[in-house]
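Take this structure first; my questions come after.
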Amino acid sequence: MQAYVRRLSMAHPGDVSALEQLIVSGDVAAQDVAAVIGKTEGNGGVNDFTRGYFTQSLMLMLARHTGRSREELQQAIPCVLSGGTEGVLSPHYTVLCRRRDGSPAEAGGPAEAGGPTGGVGGRLALGVAMSEPLGAEDIGRMAHVESVAAAVRRAMQDARIDSPADVHFVQVKCPCVTAARAQDAIHRGKTLPTLDANRSMALARVAGAFGVGLALGELKAEGFGEESFLRDYALYSSRASVSSGVEVDCNEVIVLGNSPHWGGRLRVAHRPMRDALDIGAVVDVLADLGIAARPQVAPQDLARLAAIFVKCEPDRRGRIRGHRHTMLDDTDINAQRHIRGAVAGLVAGVTGDTRIFVSGGAEHQGPDGGGLIAVIAEAA
Amino acid sequence: MQAYVRRLSMAHPGDVSALEQLIVSGDVAAQDVAAVIGKTEGNGGVNDFTRGYFTQSLMLMLARHTGRSREELQQAIPCVLSGGTEGVLSPHYTVLCRRRDGSPAEAGGPAEAGGPTGGVGGRLALGVAMSEPLGAEDIGRMAHVESVAAAVRRAMQDARIDSPADVHFVQVKCPCVTAARAQDAIHRGKTLPTLDANRSMALARVAGAFGVGLALGELKAEGFGEESFLRDYALYSSRASVSSGVEVDCNEVIVLGNSPHWGGRLRVAHRPMRDALDIGAVVDVLADLGIAARPQVAPQDLARLAAIFVKCEPDRRGRIRGHRHTMLDDTDINAQRHIRGAVAGLVAGVTGDTRIFVSGGAEHQGPDGGGLIAVIAEAA
Amino acid sequence: MQAYVRRLSMAHPGDVSALEQLIVSGDVAAQDVAAVIGKTEGNGGVNDFTRGYFTQSLMLMLARHTGRSREELQQAIPCVLSGGTEGVLSPHYTVLCRRRDGSPAEAGGPAEAGGPTGGVGGRLALGVAMSEPLGAEDIGRMAHVESVAAAVRRAMQDARIDSPADVHFVQVKCPCVTAARAQDAIHRGKTLPTLDANRSMALARVAGAFGVGLALGELKAEGFGEESFLRDYALYSSRASVSSGVEVDCNEVIVLGNSPHWGGRLRVAHRPMRDALDIGAVVDVLADLGIAARPQVAPQDLARLAAIFVKCEPDRRGRIRGHRHTMLDDTDINAQRHIRGAVAGLVAGVTGDTRIFVSGGAEHQGPDGGGLIAVIAEAA
Amino acid sequence: MQAYVRRLSMAHPGDVSALEQLIVSGDVAAQDVAAVIGKTEGNGGVNDFTRGYFTQSLMLMLARHTGRSREELQQAIPCVLSGGTEGVLSPHYTVLCRRRDGSPAEAGGPAEAGGPTGGVGGRLALGVAMSEPLGAEDIGRMAHVESVAAAVRRAMQDARIDSPADVHFVQVKCPCVTAARAQDAIHRGKTLPTLDANRSMALARVAGAFGVGLALGELKAEGFGEESFLRDYALYSSRASVSSGVEVDCNEVIVLGNSPHWGGRLRVAHRPMRDALDIGAVVDVLADLGIAARPQVAPQDLARLAAIFVKCEPDRRGRIRGHRHTMLDDTDINAQRHIRGAVAGLVAGVTGDTRIFVSGGAEHQGPDGGGLIAVIAEAA
């Protein structure tokens, strides 16, 4: 197997012409598309419809080129979008593809060659899985954790990644509790952990994070329970990136890792970010892939960067390295919009590229007040 | 003479208790306060009243401790505030003080010792000047340019800086054309360059920038005219930081440079920023002051950083290094708020400190689409 | 001919299920749909993509039910959406349909019966027209005025309305000058009235308003020129509602009036609004249709209200009846969002219904600082 | 005693010149000022500092004219400000004054004359009271309810209002739980009802509303408990308007009613509003004071309107009269800003005046999803 990745710009949230051109030109085979992760220029909140618009446009286009129906594609291809291109961020989408045998252009050297990337062995491996649908009464609870953990394990199998240590990034899209789903659960005599919509979405993300941590062995089943959620922030996964949305009723999982079973020239690495100023994590994850930033990635290396995924969070204690921030108390701009813009400014400055996936809501995804960064790059 | 600088936090825009404590404790003498440059947690726009609130609170407090009236102080001490603490930015104010002879704690080695700072000779010198009041018909025109240039020259004399090459940062606060001032000018038979409030404010900033550039020899009088304003962006000052506001009727100027006539341990340096991703400029200006960032300033060096001033601008061509940004088209968040948050994220990541003065509206202040950074630091 | 109207709710901007249900149930014939006017829950600004999302969803659905292609439908059926459901406003869309012979349920008494509606004779007549594509150099100019006027006249013919006096509402969607279109025009050696995007959109709306006024005889060709645009606000159409958008390259026109050639029970009336507090205009337009509001429309009359269209504007002089408003200087909330929310609060309070089309950008569309209101209602 | 009221405009939140002019001219005696209720042009949220700025400016000015200290005045004169002048709202403040004997200009006919105002007997009576400081552990609890109830009773005595039935409006400003106050309480071994800041502020408002309802006999002590808070919305006061803020540590109470012990020409009336469209309540409260709105208050009657106070709330069930609203899910504009703009549009349209106090956060203050309106007007 071989993975290949295209990072593409969009002119607006309904614009999938860049991918369509690649399909038409033969650069990408429509049936190779396994998952899409992107940033659209909405506000990233509950009333951000740019995600739905892009997804509808993408599936329509892929339906034309695969002969499969829109509904079928929507259930087969995870399309995880984060709204909000604050500051320097550029609207774009990363198309994660896989095929059986690499074209010459993509072929790399032998996968086992570690070379300059140090501990990063193997080549980029890519797997997806969908869990069974979740009842509203289970969302944000231990049953949700277990459902995600099982899906992560299946996605690892799909990616032919043998060891959890070789997984570097797990993107999960969880269902959330809508008013209708809550009603339905209550009619069935069930209780819900919360009736507050925002807290429910946060709990869903937390369950996703614990599920990933459990599957990857970062967290032990006996080491946490529901009472740890949104409370014991020392417990986290440094490879989980979780979002929660009304548009899914099961957990969609994308696993990225390195595996000797895959060819090509791509590899993935990750680092936890200890806070919003953790430039060291950015420089280190690039170094893991043999790319120097002194202080910025040089143009020839920039061309090797295939995708960057960041998860971050406004520090809920109201301070960053001892100084007060104002993100949490701003009535005009949502706190997640603030933090995405700031962390994107840092990562874009180090890399010299503004096409970065930066997503907020990082509870238990990386250290408290920080988050994580994962990078896919070509071997030198 | 000796300059000393205190960078202080505020709990809210009416909070000047940190400075009052230093005055009460004897660390700062109230009569030494020459100028204040700060960031308040407003929106930075026309309807940002945190600047007026802070200024009123500051002058009230200084009046108590100097025996001078609020009005008198307001005309003597430039207080330049930029609203908007987007992202990681922390509300704070930098108090620029000067006194005749340094206390032992502040005394530094001989000013001529260049040491590790390379081209940065002398010690921090600080001067202020106020121009005559400006008629609305002159704001944003050549007469405005000349008025600013003259005030900059007077502020240089006040600072005992002999050569323009030793000036590293000039903060100007210009008047803008209010509806009432426009009426008055029209009644006097004058014409105005524009009746659009935003364009008028931009033209005022531009006139300030050209005035600084002229006084510092960055621009030649014969090299530009009013037709260059907001058009010929190859013309700029890389040391001017200009704001425009309704609260002043003359140009208030603060000049920061290095001079052999001053003692103490502080020095100032600056660099133009070529765009919002120019991490090189940040690293270089720190290196000019003998401070390394590999990739972040080390704690012992961080303690030497006394103040950071940044000017930036959302690229008006809509792209950063080839990729579309969405700042200019966002109906929900003002473009200046976007860019301040992004550039602050970068500079805070390199320095490890979120108390940075970041101001937007950088037309002709640094390269087009970029801006400038100036730093005050103690010698090692 | 007979017009019929359905006012439908949407759960989100991609939700056209309410119309699809009516088509499936036979209440609406898909081929009867002549135009759609709606409010989506975006921000109503340049970066509001809820309009495109809804349009894509609508045309996809209609394509399924008509056998025509999405592109073909998009060129035949004007779909005019205003983003922004501020305050009490409810996301909804009004489907304007026409058919040859009315079903019994829709059939009304003889059209000539004036009855309680006073001057409103005839029955609701509905016509549409598309102009030829406009070059960027013509947008916002006299050529644009004439193009709109010609399209309005064609739409009147389409509606079989003989006299301009019988027209009560004209919705126009104009193209605007995009960067690409501007480039193209400049390459062809043309000049543009402005390079400022917002001013260009305003000029396009103004040209639309003058075009409607010209076609309806509200304005005389010799009474204005381009120098009147955005200057002589005494010149206006009180029946024009114009929007400008990147998604069209020609002028799309919907004309609503009353005509003896049409059957059914519906009629339309309109009134100019002199300012944002003009409750009298709201009460009067309802009275024109035989509906009392003392102070609110009674439930049995509310059921007769088929659609309400309002155009409004934050007073550009900064005052409403002598008192300062803050809409124009708010950096956090766009002025159009402010005014839509306020006027919608008033109209919804009088009618008791929150499904109102309220659109901003009312330059030369109704009195300066005010706007207009048009209502479709069933005969008693 | 005689009450008199001045409704004054401000040019910005630091502008109290209108009141100062009245003091200088002798129209208002500085020592008569008993309370101030106003709208400032901030965002109305946690980070709205226009309230503090106005209060500081007001107290500074009154200190100059009374010889009392700023601190003393701040503890004696309740200054209740609501940030947010959305839509048509005009920044203004209502100065509530009282003096022993009326000037001829203010003197009215005999207070007992009911005349056209129907059930509204007596003349405007005005009282204030401050409770003892509240510990953080008591805020939002039954102890808070009782503290407010006691203060309301004292303010009624201060106003010489004998019967609760004669009270028409009670404005309460409650303390809220800050992080520091919470810490302090926890150190003293206390528990808090919630650690969530927004919920804590809501509970404080609720305790205020129940306290007012208890003192006025609208609610019975045995009819509710803490378990009713934010749950049993059938329980409410239709005369309570409560805000909660960090700037007070006790409950500040302003009581407005009618009393035969007072002279002058002013009277107050109130009505509950059943929802955001309840135009009937607006028309009725005016009718209570002998003022007709058909559909708008006539100019000669408008001059009699001295002040309007409104409390409102975005319906938490997400619908208004059956149709979905989007206020609660908007990430860009705070829900309270939405509802204030909408209700203000309605009330301003009925009265023809945009100087209305409209405040959100109306939990248990009027019917669920609605609120209340109180009006002060001169007798005809």
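Residue numbering begins at 1 within each chain, and the chains themselves are lettered A, B, C and D in the order written.
Note that in this section a contact is a pair of C-beta atoms (placed from the backbone, for glycine too) under 8 Å apart; a residue touches a chain by one contact, two chains touch by 3 or more.
Please read all numbers here as calculations on a predicted model, not as lab measurements.
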Chain whose mean Cα position lies farthest from chain C: B
Winner on C-beta contact pairs when A-B is weighed against A-D: A-B
For chain A paired with chain D, centre-to-centre distance based on mean C-alpha positions, whole Å: 48
Centroid distance [mean C-alpha coordinates] between chain D and chain B, Å: 42
Intercentroid distance (Cα basis), chain B paired with chain A, Å: 40
Two or more partner chains touched - positions in chain A: 41, 43, 47, 326, 332, 337
In the complex with chain C, residue positions of chain A that touch it: 12-14, 41-42, 47, 49-50, 52-53, 56-57, 60, 332
Chain B-touching residues of chain A, taken from the complex the two chains share: 9, 11, 41, 43, 85-92, 276-280, 282-283, 293, 295-296, 320-321, 323-327, 332-333, 337-339, 341-346, 348-350, 352-355
Complex contacts: residues of chain B adjacent to chain C: 43-48, 179, 318, 326, 329-332, 334, 337
